[in-house]
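Structures given as structure tokens follow.
The following pair of complexes shares a single chain, chain A, combined with chain B in the former and chain C in the latter.
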Partner chain A sequence: MSLKNKYHVFFSSKKHRREFLEGVLLILPATIMNFVFGYFAFIYTFYLSFFKWNYITQPLFIGMENYVRAFNELIGGLLGARWYEAPFFIGLRNVLIYTAIVVPIQTVLAIVLAAIASSRVRGSSIFTTSYLLPGFTSSVIIALIFIYFFSQKGFINYILNLIIPGFGYPDWLYLKSLIIPAMAIVAIWGTSSNLAILFIAAMQSIPRDVLEQARLDGAGPVRRFIHVVFPLIKPTVVYAIIVGTIGALQMFDLSFVMAGPQGGIEYSGMTVVLDIYRTAFLLLDPGYASAKAIVFLTLMYIPTVLFLRKYGGGFR
Partner chain B sequence: MALSKRVILGIVVIAIIAIAVGLSLNLVGQQKPSVAVVIRFSGWGAGETEVKNYEKAIGQFSKQYPGVVVKYEPISQMYHENILASFPAGAAPDVFYVDSSWASIFIKQGVLKALDDIDPGIASVKAQYYDFLLKPFMGPDGKLYGLPKDWSILFLAYNKQCLARAGLTTPPNDWPSFISSLKAITDATGKPALVDHYHWRTFVAMALAYGAPYPDFTSADSVRAWFNNDAVKKALKDYMDLYLDGYVKRMDAGKTPYVVLPRDVDSGWGGEAFGKQAACLTLEGSWMIPFIRDQFPNFKYGEQWDIAPLPGGPGGRFTLAFTVILGINSKSSHAEDAYRFAKYIAGKEGQEFLVIGLGHTLPTVKELATSPNMWPEHRKTLDQLNVYNNVYVWPTMRSDKAGAIIGTIDTVLQSHIANMKQTKTYDLNSLINDLINSIIKNL
Partner chain C sequence: MKKRFYYELITILIGAFFFIVYTMPFIRSLVVSFMTWEQASQIPPTWIPNPFILENYMRLFRIELFPKWVINTLVYGSIVSISNVLLGLMAGYSFALLRYLGRDLIFNALLALIMLPMFVTMVPLYVILAQLRLIDNIFALPLLGLVGVNTVFMAKQYFLSLPREFFEAAKLDGASYIRAFFEIALPMAKPLIITITVYQFLGAWNAFFLPIIVLKSPENFVYTQGLNYAFSRAWYVEYTPIIAGTLIGSIPTLLFFIIFRRFLIGSIVIRTYRR
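Let's look at the complex of A and B:
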């Protein structure tokens, strides 16, 4: 049957027409929102990236100049420019380090948490509830609490000195080498519980008879997890890694609160999105900020697509 | 899952009703004869009390001017971002707060309406205000572009008991003696003498007192010229040496430091460290006064702590003022009514209620300096005005991008202080180069 005939048959049925209408009605609000706040914003950002503007005057078309500036910052940073010469590069470098710390740890931790929560071990429900709580708390509030935890006489140093006597009392948010790890700790604590919910759902969807069969075949809990559970939740793992990576690369709230809108000591707490915000609203240069956003989007998009092509079979 | 016919019908009916109600309201609005002018007013909402007080003041204004309806739209988060975005959207309010660091660009770009063009009697209005508060809001055309609604002053707060133990009744009057007194205060009390942020505001007040010219950061050459001025270099060296000797070296020697950052004494800012009595002196503004009253009610002004003017130097004695104007949108179709409202809020009657009544800041109308309701702490800061050669309004520089430049300067200073803690030294030339280059990048 040709495609045209298939459509004809489909829409000639009253039931199918109604289903189609219902479907359109149900996706309409989300689609409109996506177009207005997603695609329109994206297209407008792209358009703006070719202009010099300060919100007040008429935008002035300057061609690729903003992109040249953005690439110069990246190259300048690579060649060792002073920190204030290359905030975009520093933001990118910081956010890559942050992502490299956060994504693997939060994913593994979330899987372990989900495994514990899905088990029938006594007390697992209390554990699940208490652990999932941070996932429902605003990241800004979490960051504000952790500012006190990371102060010189704060909780983190207290605990570390109990575990490692003589560890010392570093000022985490004031030291260039420690501020990104500090943000990573906060992010891992806050987001692994969110991801754990995904994994709990994935694990609970595994048919019990498959697990039972593996048990009857003599597989212990670890082998069951490696050879049965993990392959079955792999699409969720891929999804968690992609979502986690995109979220980590776009990090803004933690750096804004913990490092401040200027990005901290020598921009050691700067991220790309914080730099874009700073360029748009503190330096009054939304055109340049837009160009940075487009460059960043491109840099993020390519590895995401490559990763999806290699590992995303089940996910797609 | 299929939706039933009833559900779909329900959705359609609700949508039709919503559209019909919306249209009818719009039609009613169009048909209704316009009896009142509506002006929109925005500022940042600095707490529930202030917002409520503004609502009351607007109520009072409405009684006097029943033909003008003021729609108060406080912006509690990211005020400047919202205001900036409202211009291209054509949704900017008629009257809005303009911070002094934004005034220059707003005036130059024609965002604000010149009050001289609205009020032929503006000279008598100007005469009511402190002259130094109006200066940053005068355009190149000599016209005034807004009325300052309140202000804060930078002062030196000191713990009287600390000073008494060091044999002092008041802090020394000039920067060099002030700096050298800090060690004696710490030695006598066992607590850090000064808590300071190491920010632009302290440094610029100090540099001006050392004889530096008013900072002109309008071009790369002017930035280089300012930082290569001998008085600026001397002030910067003394300022950085103070932390090197007063904190870094003292800590290495296992002694109590005589100068600290707020974070060194587990505080978020100078006022908190001072209120906790973790340090004896701090350079803070009027905003510290209600904070101390609220958070440290047992730390009594007059008995335990007092206020002194900032120290001076060979160039004179200077302090900083922080103010915000009520500006009129140049595209407002009700500019005269908007001005009438701004004049009421920033006028004697409005400030008596909003500023003196709340007690958080200082009145900009000179006549209110003698108000019996003014807090004694605020009165003292006003009484000390005559000791200064000049009061400069923040951001204390000529530049269209003052906000970004100050952020950069503060980050550079903080970065060198942080490195100093690690390396136990600092390089003045490297610091000056970083300040110059980072400012030029943001011009």
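Let's look at the complex of A and C:
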């Protein structure tokens, strides 16, 4: 058989057809499941956002009315509507405050934890284990533990009074001004641990000889970190900020557990996703919930895309 | 040399401070779970349970539904672990090693779904499950999570990192691609299988958002949901049994974490750096 002939046999159309058939067969379950529960569901949400519906009767087409309602809630909230008129606005405001507290602190903390974990000082391996534990614990379980710590005579108030004498004994979860900071503290404790794994992995992948060279050049640990380690883990920092922001904006578990499904006193613990959940399943207004979801998805991704354009150079 | 010693000392001090911060809630909970509520709510806090009681755990086990919640969670976790390993590896293998029309297009379409948050699709998911008469059925949860996009992505990256020769040889022997998957790819993927199993199991154990949408009656709840339910229904004026419950709820995750620590950190290196 000539070489050309052999080549022809190997890539004959029958062979191609077989590879195609078997290849598609192998990806079929994964593709169907994810397309149905992903793309189909997404289009369905978009479709529902133009209807008034209660899950039972025939859906009624109402055009942009749901969107108008959502924007009215946002603008009304800005112009000082009462709390019960603008849960969507309050949720958005709360979640922005929460994200602004959580993301910077958890990112810096995660980098510090990872630096200690990869420093190879005595005890660093037991430190590492302890830092990563909260990240592997369910956020609901963490929230339940912290409800006890945040109670009036709880551990947090005790510690704060040790550090700041005369801090007093506020009841965190029942004060409108303190419930979001309380959730932020819980989230930071859990997520910084989660992100630390990412940074530990990033720091492990830095070649040893690069650090060794910097050491020989006389750079101390702090300068080594700023000039060698940080530039090398920068893509991970960008990734952690984006993932952290998207995650924080979607906060739901902590709010549901710590403030309750109705969003707490005067919606003080409300978040956008909790409001969407409430609209869809407690107020039985899936059309309006869908419109809110589409609006929030858009609001969420515009800044992300802008951020990626600006800082995403080394990312991917 | 002296300078280096100080740096090390400072690192250890900071490290120890964070050690306390990150373990304290667990330690405090452990201590409190053996206290009476009266003692647990004292200020300043005391650290030695007096009297030392097991009543908090006993109360928890006396909740009739408690074992049901654990079993439901185990069922959910087991199904998603097995299905993700099988279906995810199949897809990852096909995307990585076979060549056919539309492969990259479909893969990219799947990957883009990572960007689609759950809150956007929850209403349709509920409606689909209602059509299938699966609302308030524990099997609805594994149906939604049969094979995650993350799993497919991890599996693809893993198979790309293996030497191609193994699969070329099988092809020349005339074995079908599907047979090569079961006889060559699957046995070579042990670390991947462990990682996926651990992640899926932890994910199921920690799930909350989907369970509260799908499961309605307490006897069908998963563990975290049940615990929250027990608390919010104020079955107890006392909080100590809940603390005991959270500790029991974190045992599986902590065990998994301690056993598979190396695997988990390693797999993140794969996920973030071998794109």
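Definition applied: the second predicted complex is superposed on the first by the 282 of 316 C-alpha atoms of A that agree within 3 Å, B and C clash if a C-alpha of one lies under 4 Å from a C-alpha of the other, contacts with A are read in each partner's own complex, and residues count from 1 in each chain.
Everything below uses one rule, namely that a contact is a pair of C-beta atoms (placed from the backbone, for glycine too) under 8 Å apart; a residue touches a chain by one contact, two chains touch by 3 or more.
Just so it is clear, the model here is predicted, and its values are computed rather than measured.
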item: Side-by-side fit of chain B and chain C on chain A, or clash; value: clash
item: Partner chain in contact with A:S193 - chain B first, chain C second, else both or neither; value: second
item: First, second, both or neither for A:F281, with chain B first and chain C second; value: both
item: Partner chain(s) touched by A:S119 [first = chain B, second = chain C, both, neither]; value: second
item: Partner chain(s) touched by A:I302 [first = chain B, second = chain C, both, neither]; value: neither
item: First, second, both or neither for A:Y84, with chain B first and chain C second; value: first
item: Partner chain(s) touched by A:F146 [first = chain B, second = chain C, both, neither]; value: second
item: Partner contacting more residues of chain A (chain B vs chain C); value: C
item: Which superposed partner A:L48 touches (first chain B, second chain C, both, neither); value: second
item: Touched partner set for A:R18, first chain B, second chain C, both or neither; value: both
item: Chain B/chain C common contact set on chain A; value: 18-19, 22, 25, 55, 151, 153, 281
item: Chain A to chain C touching residues, read off their complex; value: 16, 18-20, 22-27, 29-31, 33-42, 44-45, 48, 55, 112-113, 116, 119, 121-124, 126-127, 129-134, 136-142, 144-149, 151, 153, 155, 157-158, 189, 193, 197-198, 200-202, 204-205, 220-221, 236, 239, 246, 250, 252-253, 256-257, 260, 272-273, 276-277, 280-281, 286, 289-290, 293-294, 296-297, 300-301, 316
item: In the complex, chain C residues that touch chain A; value: 3, 7-8, 11-12, 14-16, 18-19, 21-23, 25-26, 28-29, 32, 40-45, 87-88, 90-91, 93-95, 98-101, 103, 106, 109-110, 113, 115-128, 130, 144, 146-147, 149, 152, 176-178, 181, 202, 205-206, 208-209, 212-213, 224-225, 227-228, 231-232, 239, 242-243, 245-246, 249-250, 253-254, 256-258, 261, 264-265, 268-269, 272-273, 275
item: Complex contacts: residues of chain B adjacent to chain A; value: 2-3, 5, 8, 11, 78, 80-81, 84-85, 87-88, 105-106, 109-111, 263, 266, 401, 403-404, 407-408, 410-412, 414-415, 418, 434, 437-438, 441-442
item: Of all residues in chain A, those that touch chain B in their complex; value: 15, 18-19, 21-22, 25, 54-57, 82-85, 151-153, 171, 174-176, 261-267, 281-284
